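Okay, so subunit A shows up in both of these, paired with subunit B first and subunit C after.
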Partner chain A sequence: MSGATEYDLVREDTSILELGAGATVGFAVVLFGFGLAGLFELVAVTESVAGVQLPRLLGGLLTLASAALAWFGIASHRGLVPTDPRPSAGVVAATGAAGVWFVVGGLVGSQTLGFGTVGWLALALLAGAGGFAATALPREDLGTTLPVAALTGLGGLALLTGVIGPNWAWSPVGLRATFAAPIAIPIIVLFCSLLVGWAGAKAYGGFGARGRHLGAYALVYLNVLAILGVLVGLLAFVFTKGAPVVVQGITVGPGVGPETTIRLFGFAHTVVWPVDWPFVMNGVSLYAEVSGVLPAIVGTVWLVVGAVLFAVPLGVGAAVFLAEYAEEGRFTQVVEVATNALWSTPSIVFGLFGYAFLIPRFGGSKSLLSGMLTLGFMLLPLVVITSREAMLAVPDEYRDASAALGVSKWQTIRSVVVPASLPGVITGVILGVGRIAGETAPILLTMAGATEPSAAETADVVGGFALSTSPPFVTNPALLEATSALPYQLWAIISTGVGGDAAFGWGTALVLLVVVLTFYAVGIASRTYFRRKLHE
Partner chain B sequence: MSDLRRPPHDGRRSVQRRVTAAREFVDETPPTALAAGLVGGLALIGVLVGFLVQSPLTVLALGAFLAAFAYGWLRHQALTARAMTFAMTASTILVLGLITVFIFAEAWPVFEYASGTVFGVQVPGLELFTTTNWSPVSEPIGYSLAPMIHGTVMVTVVATAVAGPLGVAAALFIGEIAPPTVRELVKPGVEILAGIPSIVYGFIGFTILSPWASEAFDLVGQGTYLFVGLVVGLMALPTVVSVAEDAINSVPESMKSGSLALGTTDWQTMTAITLPAASSGVSAAVLLGVGRAIGETMAATVMLRNSPALPEPLYNAFYGYETLTSLIAARYGDAHGLQFNALFAAGVVLFVTVLALSVGSQIVEARMERELGGNQG
Partner chain C sequence: MSTELDETQTEAAQSPAELGGATTVGETDERTRAEWVDHEFDGDAKIAVEDLNVYYGDDHALTDISMEIPEGSVTALIGPSGCGKSTFLRCLNRMNDRIGSARIEGSVRIDGEEVYRDRADLVELRKRVGMVFQQPNPFPKSIRDNVSYGPRKHGDLDTTFLSRLLGRDDVDEEASLVEEALEQAALWEEVNDRLDDNALGLSGGQQQRLCIARCLATDPDVVLMDEPASALDPIATAKIEDLIEELAEEYTVVVVTHNMQQAARVSDQTAVFLTGGELVEYGDTDQIFENPESQRVEDYVTGKFG
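Coming up: the complex of A and B.
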């Protein structure tokens, strides 16, 4: 506890000891990587490398890390290392340690020593209390390093001595599940290296406020990296699995593609596509070389169009009222609660509602129109919320300037507020559309048609319109028929047994992902663009 | 704040004031506009009623409404716009009301069927929760939702354990820690995570994760609450992140700089100032995340066993049977009669739970805004 080094404002030189703590963190990172690779079966943790069994090697590394950490803590306590520890590591760290040691004590008591419930509970409580005391009572440098070092040492020694070897397996009583070495070893390594990394980062910062700062930042950065890693991994995985299916048989050239005939109230016009892309231009067919998802794509497009036509005018109108006309009071409060409640209502409940409310009113069977409206109901709260926010974000100066010109309130809204808020509204709508385009649960109950639609079953909404003499005067059978959609098709592939057709499923998943993420990318990009423009 | 804005008033005076205001409005408004408004309003109600009773005459009411609207738009645009936007606002409440009425009405028969007696009082729907037997076809017939509620709880607990801490940490990162360029990268990343459709998660879970888990842990059959919970947690994560980040951002900068000026580290400021000040908003974020997890359907449906049962022991997360959502999605096709009503009863349970969570989180958020004295940013 030499005061001179404690109150240095700037730490100039990287001492050898800091280097030591840094090396411990590095050690933890390498071990963490090993653990991940083992968990994802990139490295077979039960095999041998250069004559040494991998579990023993990992155990040795863990033991080394544990020893380094313990040495650092003791050295700091003795004053050999210039650190700035507090009297205690704090209640948060102590509670964490208590939790970990409670579990370890309970597992050792019930599984290794074979105690009864009372026995293992007592041991677990004892271990938990010990962990708490060992962390909270000593000075921070010891309280941080020693419990972690002890746990890591325990794990490391178990691996090093072969107690947990390649053939180790543990079946907890009554769970009907087995933890075998290929799973257990990576998990032990991951967990221990996480703790060592945290304690090492704290040590690197010299404990105290700076140490805690570094320790916490290490964990937060790791967390964010993990989230991004999962995201990139998921996308890459779907792309590699789906891309070969989707790009099958693409040919480009004038007149190679299929013909499309557009009919509207008796007029017809035929276009021949210059591209042939079988996966997105075919239906499911036994005769075609490549089965495709055209009916599902068309179904999804019409669903989105219908939902947008229903929800956007309604939602924007409601937002205008809430942002411009309504005074804060009971009514706006109720509306706000209702929109937020609608926004968080589970999609399957919307499906049930559509089934009970819409289907009997649109011919008694599942139909495209019911699906559109159900998704429209889902989209509505999002449009209201985002549009209202966008309108409230329009500066009052705009309104005042317009009012000062003697313009009426409605004209101000129409020609100032709404245009100014348009970017925000559009962004909200695009993001909302991205969400509903991928929804399966609501359309399962309201719209779902053939599970393997052929090209002939593609919904022809434009050509379906016809006039009639009896109410409701305009009819469109295509709207009242069930059809397919991309998420529904994927569900159908799963529910009919994926066995022989997993590749088709991955292709469908990729197309769905691309469609939905395009909406998201456009929405996010436009929001960033308009925000930047606003701040210029 | 709200007390200042709305002084306490006695009921009669407020009614009187409203009547006077209404009379003034009627006096000032041109009679043609009033007539058009009246016709339009009545026609709109006619459309609604006609649609509800499935009358073919609905289209006539719709025509009358459109005519009144067109007239109003051409002659009295401002008034018409105001009336229309009001009607649109009311429609959001109407939708929520319709959902409530319709799913309750469809669920009612099974609530009646499964009523139980407590202290001599008949409580409809009690046996849905107190028995554990779901057997809609073979004797003894029973429509217990208890196994599914247990499944939903298991999945939600695991999902919250994933999405809560990781989501709040990621929100801290985006709101406080990350340098601007990194934030511009991470924030859209998290949003895109929200964009991945649940059925895609489900497909990956079904084809990769479930078989892997089953083999790795040597399980009997496929489907575990643990892995469904992990996947659902990943899906609920973006909700937690974005709401918690809003809460963290709404803590006034002056509070943070005041703390930093005392010489604290960034992390000390976060734990001692920012997080406590934003605690209501952060808990609201976690509540909303829980709501998302409860309502998640497709991943649960394709990854679970879809046979209602309670695992043994009850906390065994390695065996996953059925959740409330997967019950509906997996059985809507071949259910009829009371079984179908029972699916709606599951929907009612979901709806009421999530509604309570949503309202609860809004109350919590409102408290935060009051505490911080509004958004001073």
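Coming up: the complex of A and C.
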């Protein structure tokens, strides 16, 4: 390999390349994070900082990074810095570059220069081929840095010179959509910093095997950052939009809150809350200052509780049969395929089933009970699948040990197999609850009541139980009444405009998010508890 | 028929029935199988096996085994891999019933009672004939719960919440039973201050002794051990071997082992199984190792093959 430098086994001092490339990578990570924040409107990319427009500043930084990259490549090629490049950057990198340059060429040809289809396609192909050749043909150091530097320089200069500025907007020909600066600038920054991070990390490792390893490392880590960014950005987005609505009117003090009467079989006890949280404790009311979503919260909680109470015993029981009693064979295969298919069945189909099958059997009108059972049917297959897997994963050694002590199969299942599989079972329930708590379609068909429920319409399931002297001896009208649920109310507000304005909807969304995350937290805490019990 | 190993193997695979009779084994240097039954030991016969044949599907795993195991002694079963010694062991407490394809013919009597009767009580059998496995397999429960698992499930110890509430629990009985079993398994000193810790936190050797304690807690007469030390280091192995010798004072112990030195060290009598699932020689350990009657056994114990 010509020009390759022999490395010492241990290098004491940091070379100028390592210093510069390391700084460039750090720089790229910061820019990447900035791009993510901009994408979710956490940072306004069209603002000015110290008199300089932010897009120009970002453009300048990208141009700088581009110049640094180009220098790394050329310095390495000239032998000014010790590196260990291979003859070519490789087909994978070249194919990636070809794709990127194809898109850039096509966009410039069709949008900036206004070519027809033949013209822009020719330019795109030319740019793609150029990108491929520029990456694959030269030695690795040039092939890695120069195409990236060129692209970053292009993007950076466009921002720096104000070609793409705060007021820039692009309405693609033949597409009824407009891409404005607040979305375009973060995307350009994200994309360029991703490439700069990759090329910079390769330069830091001196190209070659170590450089490729570090390049891949940089890409993987930026990918993780992007995923976390999307997650945090989404939560922050909902939070910033919803929080002002949710927190309005909170007062704390003895006796300020609403009265709640807890009723159970004729006994009643009234509690006055020491906190008043209108959005969570009120229903929709013309007289209250702040309307709330209490009925929907209560509806969602009861829905999930009912569905879990219905599905978990049945599902775990079925899993015990499949994993412990049924012979592995045609029958278990059929059951497995059927449960998988049921789990992937669209929820509206379950809803329609509930509508056509359950509602006529429960008094002919939409009711909480129908909703619970419909969601329970949806949850059932996942509980069966995950519980069965968890039980099959319990080592046979435990079963042998138990059998050798003369303990019957059922006792073994009860005291060894099921406890050992509990963490897996709970994982399944957590996943399932996350899905059903946010379901709208089945609720719409089986349970939905008023879109603007007042506090008086809150389902009082506990207090609804009453004894009677004739069968069925225990009755509960609350279970047979229609009620609301958070996703349903959210849908009603946003799509049809009934029940409040959009801000009210964002508040509802935030509450739904918190309710679902609370179910998650309970599930994860109990899973951790049982896991610890098994291993500590 | 030749007694050479490769031929025997071929025969075993092709026509198990042919191998089965005493005549096929009865070369000049090997006594017929009937004589093994008549072999005279010091004690009474605790376990009597007669014409035992085991098939896994078409595979003939054990061929016409007949032997008597005397009470209060250690009997070692040795032989190369796949010779059926573990299968034989698992016949004694009917663990082979758990394998769907297994078919067992013949007779196994413990204290004169036929184990393979139609109406045999498996719970009672396995309480009386305990078993320790090759891999230590404690349950993912506390040390105490592991030891008292058997008696609790058999209803001999009642420590449920309800009985505690009513004040008629067996918590004290449980404590003394756990202590006694752990003492017998030589583990009490090491774990008495952490009985509520999870058993999976113990070392491999401790786990195996816990499994022995768990087995002793059901008060068996016979203890079956399937290569109990093969997954352990030399020090843990030495402890298990000491334990086996101690157990023989109170229990009838049957040990499967790969390790011939171990068999020579711990056992009173040794049964040698060779390929094809036949019992080739059975007798006092000293005699088997120093002066075996069969040439194949001599080759095996001196390390010429296997």
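Annotations
Note that the second predicted complex is superposed on the first by the 353 of 536 C-alpha atoms of A that agree within 3 Å, B and C clash if a C-alpha of one lies under 4 Å from a C-alpha of the other, contacts with A are read in each partner's own complex, and residues count from 1 in each chain.
Quick note on the criterion: contacts are C-beta pairs under 8 Å (C-beta built on N, C-alpha and C of every residue); 3 or more make two chains touch, one makes a residue touch a chain.
Since the structure is predicted, the reported quantities are computational estimates derived from the model, not experimental observations.
In the superposed pair of complexes, A:Y398 makes contact with subunit C only, with no contact to subunit B.
Looking at the superposed arrangement, the partner reaching more residues of subunit A, out of subunit B and subunit C, is B.
Once chain A of one complex is fitted onto chain A of the other, the partner contacts of A:F377 are limited to subunit B, with no touch recorded for subunit C.
In the superposed model, A:A420 makes contact with subunit C only, not with subunit B.
In the superposed model, A:R176 makes contact with subunit B only, not with subunit C.
By the touch criterion stated above, A:H213 is placed in contact with subunit B alone, subunit C being left untouched. Once the two complexes are laid over each other on the shared chain, residue contacts for A:S408 go to subunit B and to subunit C alike.
Where the contact sets of subunit A with subunit B and with subunit C meet, they give residues 408, 411.
Note for the complex: subunit B touches subunit A at residues 5-6, 51, 54, 56-60, 77-78, 81-82, 84-86, 88-89, 91-93, 95-96, 98-99, 102-103, 105-106, 166, 169-170, 172-173, 177-178, 184, 186, 188-200, 202-204, 206-207, 216-220, 234, 237, 264-268, 271, 288, 291-292, 294-298, 302, 312-313, 316, 318-319, 325, 328-329, 332, 343-344, 347, 350-351, 354-355, 357-359, 362. Residues of subunit A touching subunit B in their complex: 171, 174-180, 182-183, 209-210, 212-213, 216-217, 219-221, 223-224, 226-228, 230-231, 234-235, 237-238, 313-315, 317-318, 320-322, 325-326, 328-329, 334-353, 355-357, 360-361, 377, 380-381, 384, 408-411, 413-414, 431, 434-435, 437-441, 444-445, 471-473, 487, 490-491, 493-495, 498, 502, 505-506, 509, 512-513, 516-517, 519-521, 524, 528. Across the interface of their complex, subunit C is touched by residues 327, 395, 397-398, 400-408, 411, 415-416, 419-420, 533-536 of subunit A. Contact residues of subunit C toward subunit A in the complex are 93, 95, 98, 100, 122-127, 130-131, 133, 135, 137-141, 149-150, 153-154, 197-198, 200-201, 211, 214-215, 218.
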